[in-house]
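Shared chain: chain A. Partners: chain B in the first complex, chain C in the second.
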Partner chain A sequence: MRPSSIRGLAGPGALVLLVALVAVAAPILPLFDPVRQDVANRLAGPSALHWLGQDEYGRDVLSRIIWGARVSLTVAVVAAALAAVVGTLLGVLGGYFRGLVELFTVRVAEIVLCFPPLLLALLVVTLLGPGATTLVFSLAILFAPGFARVAYAETLSARALDYVTAQQALGARTPRILFVTLLPNIAPPLIVQFSLTVASAMVLESGLSFLGLGVVPPSPSWGLMIRGARASMELAPLLLFWPCLALTGTVLVLNLLCDRLRDVLDPRGKAAGRPGFLGRLIALPPAPEPRQAPGLLSVQGLTLAVQSAHGPIEVVRDVGFTLAAGETLAIVGESGSGKTLTGLAVMGLLPAAVTPVAGSILLTGREGRVRDLLRLPEREMRGLRGRELAMIFQDPSSSLNPLLRIGSQLGETLRAHGVRDGVRERVVALLRQVGLPDPERAAEAYPHEVSGGQRQRVMIAAAIANHPRLLIADEPTTALDVTVQAQILALLAELKRAEGGMGMVFVTHNLAVVSDIADRVLVMYAGEVVEEGRVEDVFAVPRHPYTAALIASMPEGDAERLTAIPGTVPQPWAMPAGCRFAPRCEMAIDACRAAAPPLAELAAGRLSRCLRWKEMA
Partner chain B sequence: MTGALVRGEGITRAFHRRGGLLSRGTSMLALRGVDIAVHRGEAVGVVGESGCGKSTLGRVLLRLLPPTDGRVLFEGEDLDSLPAARLRALRRRMQLVFQDPYGSLDPRRTVGAQIADGMVIHGLARGTEAAGRVAALLRQVGLDPDQAKRLPHEFSGGQRQRIAVARALSTQPDFIVADEPVSALDVSIQAQVVNLLADLRAELGLALMFISHDLHVVRHLCDRVVVMYLGRVMEEGSAAEIFRAPAHPYTRALLAATPSLRHRGATAAPLAGEVPSIARPPSGCVFRTRCIFAQPRCAETVPALEPLPGAGMRRLACLRATELP
Partner chain C sequence: MLAFAARRLLVSLGLVWVVASLVFLVIHLIPGDPAELLLSQGGIAPDPAAVEELRERLGLNAPLWAQYLSYMGGLLRGDFGLSLQDEHPIAEEIALRLPRTLELVGMAGLLATLFGVPLGIAAALRAGGALDRVLSAWAGFALSVPVFVVGTLAVLLLAQQLKLVSAGGYVPLARDPGRHLALLMMPATTIAVGLGAVVFRVMRSSVLEVLEREHVRAAQARGLAPGAIIRRHVLRNALTPVVTVVALHLGALLGGTVLVEFVFNWPGLSGYLVRAVEARDYPEVLGIVLVISIIFVLLNFLVDLLYAVIDPRVRHG
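Right after this comes the complex of A and B.
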């Protein structure tokens, strides 16, 4: 849970607590007896003695509001608790066992949902007679199906999770699985449902009391107060106002608590917007002077930071590389190396939490103009995406709109960049180019109707539709089977030949794929470039211990035992002071731990961030 | 082949998909008559691409899924005929390690409590004794015993996989199914976990079924390899033999498709097309639609898994086994 969202919980939480405390403390507060009548002063306005005035029998309104809160809250909370227990039990059992159990629990509960709630409550109260106990039961019956539905849905998705299967594999009995493993994990939405239910139970309770079917007079209740005040509405309108204010206020506060609770309990957190162009500009210092002619793409001193409670954390630090037209550069690294963020930064698609704090990304456009993508307004950037640079992602199924036919999505891409005539023919030609077996039919298909490998082909077709000069591929084959991966890699190589001069940045964690497709390789570790060079040079004689260890840990050799790199990648907020790889490095010496080593140029285009690179051979 | 610890005979497993408003429900066979045996202390690798049924096979052998047809024997006892209580007790001796180290641990309970689960369930240890064993297990998988009180999200993927291994070991099992246990991990961490499994196997004499899509990883860990495609076994043999000379056209393609550091430049895609849907498998040999050696007769006869002449324990399901170049 994040501290910021817990702070958001404090306000409404304190208010709800205040209401509850006042209600609980009613007997010890210096209040008038809520049922003592004073007919002489009936309908008297607010006074020093009676702050909120007196009602149609001269009873103190403040006292009745507070005692009424006791009744309303008790009925609402007890009813919601009862509904929660019964409903959750039904839902969990139905969701876990399915079949007949589901029929008798969840489906039966759903029948209750079909009745209009007020009508059902009326029926129950008529059958059992009015009174607080009856009210609790009828409200519980009304609200239990809501819990059953939430618990059922959550159980359905949780029962297939690995850690539930793990309990079965361990030989756990069903009750243990249900109550030790399942229930705590489905609790958050149920807690939210609970606070929602308390609020609606209060409203319904007041409604029933207003109709004379709830709390029996002269016991105070907000609904009864409204009922009483209605008769003298024209003489003393304030009498109607107070209970309504109490009811509305309490329900609002409860709903607010609900909202905040949902934010706190939802691990995904609130959706944050993207910072605008201005927001990004402010954070960025002016671009450094270009050190050399940019080629197709030149990234210089790129530093990306994530804002955290302890200030900005640099997740990518001082990354630079150049790419010539027609060249393929592989960026390789483990999770947390910053390879994907680097690719996204070039596309101008960084997640909202990540901001560039230094560096430049220079792209030479078709007409020879050099632009700094890091400082380009979003509107201009949008014009470049697709035309000058395009991207393919790891997961092709989440990158395509499931509701649109493949052909119309591709057509959209073409039209967005001004193709007007012969869109359909172009679409079919593109699909043929990326090797879809039946392009005419594929254009008419929805994304779910083709396989994962074919979806990736469609994504590639969309990326190359407008002949971009730069293609960024972020782990495009990781989600695919090896035989399909080989096909996609072959396709990308083929397209590069066909689209003469297209440069490609290929982001991957797989060294073997790098040797397959790339000319040059950039090895990243913990947000930094540690080595760069031509693929054959780097793989033949790695000049950084991390690269060497990665190659050695590939399960390809004949060695009986794999070479493992000890330890784990350091967390971004706990980077070692010196070389970031030093804690896991067999060659580390004291100098490595003292200061961060610079990126040394060993030969033209061959870089290493290791103090001892000369000793590696 | 007598005295196998776990033996599956003719295992078939169907999954049903309920039909929609206008479509009829479909039935898919994830496994079709698979025979498999895992001996005491042996490591068997099961390899294949998505949809080949390798994960289903692991779950059927552990009786987490009942087979639609065929039977599973654990030390000669048919799991299907066992009473529920006896089966639950038997679960102590067979365990599962999952692919996704993020989904396989309960996010709301401490790792110590989860590792102790198996001991508590089977009444092996409680209280301080269980805590002591948890500490020993954590040490055994290379973690700090003081971390038992932490929640899963405080660990990295590789560490979580070690925790999952510790949980599987907690009941002192004889047989562990590891379902793609390193696929979700970084390369440098994969090697750590593969080595850990190799060490534990040697140390504890575990029988291991290692499910993977990566032939290279399997080679380092396993004595024997079973190659599957669309719910059927294509080839079976010792790991060394299969790597030296893969015989079945599919095994050859699988090996050729795996990119390697050893050769530069694009790997030629050895297979066209993709794995057919298991709802509509090809007739005859399920691989024939992508096989470069396929002949008309491959569409008519389902090849049986038969010993390859003059190749020891090697078995092959190919009509052209003896004529392949």
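Right after this comes the complex of A and C.
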């Protein structure tokens, strides 16, 4: 809970409290009797005695507004409370016991939701006759299913959680689990639902009263007052205005309170992001564009940070590497090592929360021009993406738009970079090149109509469509079956041969595939480079305990996950002071924990961030 | 696609049958005798002879299954029975009034979509910007004003004070198309204020959600221009929840136009319903509830078809 969202609660909360207090205090306030008629002064305007004037029977309007608040709020709160109790009970029982109980609680309640709400209320009024009791009853019926749904969904997700299973294992009795353990934990969304329901119930109550089917005259109710004032609209327009204002204002503050409550208690639904592609924030100081850069891609001192309440947190720190044309570099590390962010930074596609704070990414283009991708305006960056730079993502199922045909998505990639003629032929040729069995038919297919491996082939086809100079493959085989993985790796290797000079950055957590595909390997840990070198050298003699542990944890077959290293990657906001791997390292000595070791160059192109690299042989 | 439509239609017809049976059961299984309920006024027990006579007239003395069969048979012939008040055929009155309500709801839905969808997109694309903040605040306000307050204040201001429009009423389309439309616009706009705010909110959050999806980033990685990404990879994907919400609300409005029809003297189905409720004319109430529920089911059928048009996965699934 952030203090700012709690402060946001204060305004609407105070206003709701004020309305409630005035309504509760109505009997002790110095008000006129709300039902005492004074026909001689009917429709009289505001006066010292009657601040808001008198209505069509000469009754005091201010008094009727305040007493009306009492009636409206009582009906709404009692109905919402009744609905909350009944609905929550149904939902919790249905969600906890599932099966037949669910059918008779939640599913039955949901039938009510199939009817238009006002219609259902009218049906109940037909059967029971108008009046406040009927009103409470019918509103409770209307709103109970809403609570049942919320409670059901929350119970479903909570019943599998540890604290509930633990209680079950300890032999706690079911009612105790339900109402002592479970209920407090699912309360926040229910509280939000309650405030929402009170507002809705007020609107419905006033609507029914307005129709003459709710609160029975002469009891004051805002709906009834609006109904009454309509007849004398021409003579006394203000009479109509006051109850409208009271009703709208109350519903408005209730809704506001509800929004704020949701922010505080149930922040899941809060829409976050700022879409990235309408403009990129370039926070880096400008730097002169270099004439020359080593190799195809040269990343230097790349540091990425996430903005947080406690200041920026560095998630990638001082990462550097170079890639020659035609070379393949594997970036290896566990989740959270920063390898994917590094790839995305090259593409200029970092999530909105992550900003580059230092470094440069130099790309030598087709025509020999060197650009710093970290400082390039979005417009120019867009021209490079898909043409000079391309990327393949981890999950081919979510990387394609499910609503568009495969051929259409490939075609747009060609058109975006100026291809005008023969797009269809090019698309089919590309699909054939990546080894799809029936390319003509595949072009007409939707993504869900082909297999996962074929979808990844399509993504690869899209990536190489405009013969990029640099291909970034972010775990392109992780989401695929093991047999398909090998095929995709073979395809990538083959394409690299065909597209002479294309460099590739292959991001993976799977060391087993590295030796198949890469020339050099860069090992990352907790946002830092810990080792770099030629694949043969690193596999033969790793010069960092982390790399050694990775290799040791590699089974003979294909490893799905690296599980053999004890401990986990430290969180970015809780980095150890010294070597970041020291807490998990068997070789760590006091010097390792004292200060962060530098990245040492052991030989040309061979780097290690370990103080004891010499002892590793 | 045809097979999909046929399958969904079958399900919908089954639902209509369930709804019709439910409506029948509600009135027959609820404690209390409908005839007695109808004749009792203010807690005074009605004359037993009168109750018996009414029971005979309504066919309530026949066994339940026989009543059910004759009720269902009537429905199949489009016969909803006679009004208790004036013995007028209910189906006839519904046939006269239903199109007016549908027209009102349709126009309101159209207006709400026309404003809500583009504004929702605009707000989402610049989420957190000035336009977004203004529109979101407005939507929050529009959602808080009860629809009959909007209508009443509109009549007060535009008709009574400024004399720009007439306060309400109805002229058949055939008699005077221009006047018909003019009279339609006030109640339709009144409904569209709240509905448009709902559409706006759903569209906004749906676009924001789609923008975060992987395939949008993949499209960016291919170098597509923002316009093309929004058009081809965001909007269509963002439409599904909007279709659901609009349809759900239109369905709810079929009964919810009661207030607006009352404010603007629009002689639609709802006014008929209110009158029936007031008179406790339960064959009328049931007939109207049934018709609205059937339309509700059909609307859901149309939504399913729309899903299939938007999303090929639904078509094949």
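FYI, the second predicted complex is superposed on the first by the 404 of 617 C-alpha atoms of A that agree within 3 Å, B and C clash if a C-alpha of one lies under 4 Å from a C-alpha of the other, contacts with A are read in each partner's own complex, and residues count from 1 in each chain.
Everything below uses one rule, namely that contacts are C-beta pairs under 8 Å (C-beta built on N, C-alpha and C of every residue); 3 or more make two chains touch, one makes a residue touch a chain.
Not measured: the values here are computed from a predicted model.
Asks: Once chain A of both complexes is superposed, is A:Leu550 in touch with chain B (first), chain C (second), both, or neither?
Replies: first
Asks: One more residue to check, A:Pro598. First (chain B), second (chain C), both or neither?
Replies: neither
Asks: Just chain B (first), just chain C (second), both, or neither: which does A:Gly45 touch?
Replies: A:Gly45: touches no partner chain.
Asks: For A:Gln485, decide between first (touching chain B), second (touching chain C), both and neither.
Replies: first
Asks: Look at A:Leu122 in the shared chain and tell me whether it touches chain B only, chain C only, both, or neither; answer first, second, both or neither.
Replies: second
Asks: So, does A:Ala462 touch the first partner chain B, the second partner chain C, both, or neither?
Replies: second
Asks: By residue count, which of the two partners contacts chain A more extensively, chain B or chain C?
Replies: Ranking chain B and chain C by residues of chain A touched puts C first.
Asks: Scan A:Leu404 for contacts with chain B and chain C and give back first, second, both or neither.
Replies: The second partner, chain C, only.
Asks: Now for A:Asn510: first (chain B), second (chain C), both, or neither, which partner does it touch?
Replies: first
Asks: Touching chain B and also chain C: which chain A residues?
Replies: No residue of chain A touches both chain B and chain C.
Asks: In the complex formed with chain C, which residues of chain A make contact?
Replies: For this pair, the touching residues of chain A are 111, 114-120, 122-123, 125-127, 129, 199, 203, 206-207, 210-213, 223, 226, 230, 233-234, 237, 240-241, 244, 247-248, 251-252, 254-256, 259, 271-278, 347, 349, 382-387, 390-391, 393, 395, 398-404, 409, 412-413, 416-417, 446, 448-449, 459, 462-463, 465-466.
Asks: Mind pulling up the chain B residues that touch chain A in the complex?
Replies: Contacts found on chain B: 49-50, 62, 64, 88-92, 94-96, 98, 100, 103-109, 117-118, 121-122, 156-159, 164, 167, 171, 186-192, 194-195, 198, 213-214, 216-217, 219-220, 253-254, 256-275.
Asks: In the complex of these two chains, what residues of chain A are touching chain B?
Replies: So the residues of chain A touching chain B come out as 161-163, 165-173, 176, 180-181, 184-185, 334-335, 437, 451-454, 481-487, 489-490, 493, 509-513, 515-517, 535-536, 539, 549-551, 553-556, 560-566, 568-569.
Asks: Quick check: in the complex, which residue numbers of chain C touch chain A?
Replies: 19, 22, 26, 30, 32, 37, 124-128, 140-141, 143-149, 152-153, 155-156, 160-161, 204-205, 208-209, 211-226, 228-229, 232-233, 236-237, 251-256, 258-259, 262, 273-274, 276-278, 280, 282, 285, 289, 292-293, 296, 310-313, 316
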